[in-house]
Amino acid sequence: MKKLYNIKSFSTLLFLIIVVLPVFCGLVYATLYSFEIVGIINSGFTTKHWEDIIQGSAFWSSIGFSFYVAICSVVISLIFALAMALSWKKNLQKGALSTAIYLPLCFPGTVMAFFMFQFLSKSGFLSRLGFASGVLEDINSFPALINDAYGIGIIITSVVLITPFFVILFSNIYHTENIEAYKELATTFGASKRQLLQKVTLPILLKKSSVTIYLFIIFVMGSYEIPLLLGRQSPQMISVATVQKIQRFNLYDIPKGFAMSILYVLIIMSVLLFLYFRNRDYFKSETTK
Amino acid sequence: MIKRTLQYGFIISIGFPVVFLLVLSLGRRWAYPNILPEQISFANWEFLQQSDSKLFQAFFVSLGISLCVAVFVTALGFVISKFIAYSQRRNTFLVLAYIPYLLSPVIMAIIFQYYFIITGLTGTFLGVIIAQFLVAFPFGIIIYLNFWNAQLKSMEELSYTLGGSRWQTYKKVLLPLSKNALMLCFFQVFLISWFEYGLTNLIGSGKIRTLTVSVFNFVTEANIFYAALACFLLILPPMLLLYINKRFILFVEKTEL
Amino acid sequence: MSQFLTIQHLYKTFGKETVLQDINLTLDKNTVLSLLGSSGSGKTTLLKIIAGIETADKGNIFLEGNNISDQKPQERHIVYLYQEALLFPHLNAFENIAFGLRLQKMNESLITEKVHLMLKNIEMTKHAKKMPPQLSGGQKQRISFGRAMIIEPKLLLLDEPFGALDASTRSKMQELFKTLAHNMNLSALFVTHDLKEAIVMGDQIGKIQKGQLVQYETKNEFFNDAFSGVQKEIDFWKSIGQNT
């Protein structure tokens, strides 16, 4: 069985090289750069970029704005998805709806963002419809939904992209967890319709999908293409803000960009660890006892 | 009745963006407040006959990159994930795989871009493939880790005790049983790569023009009709996949497909 | 080394937990040794080590006088059967049985002939074309036996093979297995947690508990040993008899 051990350690090594090494090496370089130990402008060790980032408001407002967009998008999606998955549960299993619900998953963020821009901007399709029907008097009376201060365009686009996913997820859980049977059981205990929803259906669905929901918050927080097209200069979501710092012509912004990336990576890692220790079962599988 | 109407309304609103993009891709001049473009013609679509057109090339650059990334991740991930799944430190590996999976790809690109620059990989086809591979591989591992289980391991062992060699066991037991997992991984990774913009643009430094990069280029050039056309081309392969088998469009962790 | 199977001083630990401790065991040719053990006793690990799927930390295994401790599972000619039938879901009943023969690249007509004979022996001829989900628990287990026995392994290891079956199917399968074992001159280790089944199935009996194994020379010795629990069982049934 010697040979098997070799394949095993080789596989492990390859995994570490592909998965861990790039992130690790990247972080090392980013750290050195952010302290100006390496890089075009390196003038010797300095902590000034870190001080700027941590004490300044730009980074934290980006993180805060990203978090706000993510929470709004996910919560709104959840409400829509739960309503659809529960009230249309039969049609979601077969028929036109069961296929149609997959269609939005064919849209990458880029395309959906482009569509929303053409649809919701001041000169977009909706505004033209409003004008043609006489609801709008001129282009400026159409509300700012794109490149707006509250990230409305970003949130709408994210909601449209995520909701179908949650609908499918809930619809699947409803069947695999055999919620119907639990509901029947609860009915024999005398539960009302409202109680069935509050005490049986929703808790099971949300508990089973909790980690996925958290992961989606993280995904939306890190999204790039959608805010790049639909966001504005300030407030900016974290990915857009970081890339902009790195690509600026002002060389003194680059170390700040790296410091922001490191902080972002650290935040994601700590959230992941927190999720891992809170939800061991989710990460466990049948392969380990 | 209300339920029916709502459902039909929903289905129509789902289909609307597809039709909208198609109409826009046929358009020329769309001044406010016209509802539809003033001219509708196939002029924009003539790129199909010109193999030197930017869009034509972008389509095949995208296709080439996505196919390569999907093949590599599917094949390598299959073998590696198996050892990880049965390892005692499986959970540690899983958490490690989640780190790059959860990070925004464009942030990943920022932190490892330097190494692509010093190896001369930025702005090359190979560089973009490697960068996308690094981002997609952990996802492949996560898909497969949901798939390997005790039952499958027992079947593999059974095949050994019945006299099957390692190769025979792969060919006659593991691969046939893994067909769905392999397809799922292939299509999922293909889509990730097909949809990717931020990392591709950064590592490709604008020289590798995939379809997503084209969309953004057309948008900055204010050429919305070509952008719409590129968008339409972007959603074609996934829609084709949806038509073939909708199960491969999405990966839902921990729930049966 | 006149014994067919001999195990000497076998040890196995998982981390800090000692699973098998100084296991010694002998088995004659054409006999069935029942091993009585509850879950967590280490019985599954022992069988897996014999089959070559797990490795022992220490100790030796001899089959027909040859030390097989370092051999690959493929070379040992020992088949390990799980509690689940584990039929390959992509193959029908016939192909499941033929699996081992196909690995040997045996010619087609011989495979057909052998499989049909086996199907007859296990009374499954009617179900040859069925896919695993169409078979009942007992039928699956029959196919699983057929699949193992058709390659004529030197030794068969059975890990609670009837554990998941209902009582009547279970006794039918015990019957079938005994007949087959006799007709095909099988040597087998039969692990069960059921006292009665251990007595019915085994020519010899052993008991494994907390990683330690006691092998009894004769069934009588087993019946008389307080550790075996047989006497307790007899007393229980007697007490019921007296009370009614």
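Chains here go by letter, A, B and C, matching the order in which they are written, and residues are numbered from 1 within each.
Everything that follows uses one rule, which is that a contact is a pair of C-beta atoms (placed from the backbone, for glycine too) under 8 Å apart; a residue touches a chain by one contact, two chains touch by 3 or more.
Computed from a predicted structure; not experimentally measured.
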If you take the mean of the Cα atoms for each chain, which one ends up farthest from chain A? C
Two chains sharing the most contacts, counting C-beta pairs only: A-B
Geometric centre distance via CA averages, chain C-chain B, whole Å: 48
Distance from the mean Cα position of chain C to that of chain A, given in whole angstrom: 52
Here the gap between chain A and chain B, centre to centre from mean Cα coordinates and rounded to Å, is 17
At which residue positions does chain A touch at least two other chains? none
Spell out, as numbers or ranges, the residues of chain B touching 2 or more other chains. 151
Multi-chain touching residues of chain C, meaning two or more other chains, are 72
Please output the residues of chain A touching chain B within their complex, sorted ascending. 7-8, 11-12, 14-16, 18-20, 22-23, 25-27, 29-30, 33, 84, 87-88, 91, 96-97, 99-112, 114-115, 118-119, 123, 125, 127-129, 131-132, 139, 165, 168-169, 172-173, 176, 208, 211-212, 215, 218-219, 222-225, 228-229, 238-239, 242-243, 246, 257-258, 261-262, 264-265, 268-269, 272-273, 276, 282-288
Counting only contacts in the complex, chain B reaches chain A at residues 3, 7, 10-11, 14-15, 17-18, 20-21, 24, 32-35, 76, 79-80, 82-88, 90-91, 93-100, 102-108, 110-112, 114-115, 133-134, 137-138, 141, 145-146, 148-151, 153, 194-195, 197-198, 202, 212, 215-216, 219, 224, 227-228, 231, 234-235, 238-239, 241-242, 246, 249-250, 252-256
Considering only the defined contacts, which chain C positions touch chain B in the complex? 48, 51-53, 72-74, 76-82, 84, 86, 88-90, 99-100, 102-104, 147-148, 151, 153
If you look only at chain B, which of its residues touch chain C in the complex? 151, 154-155, 157-165, 168, 172-173, 176-177
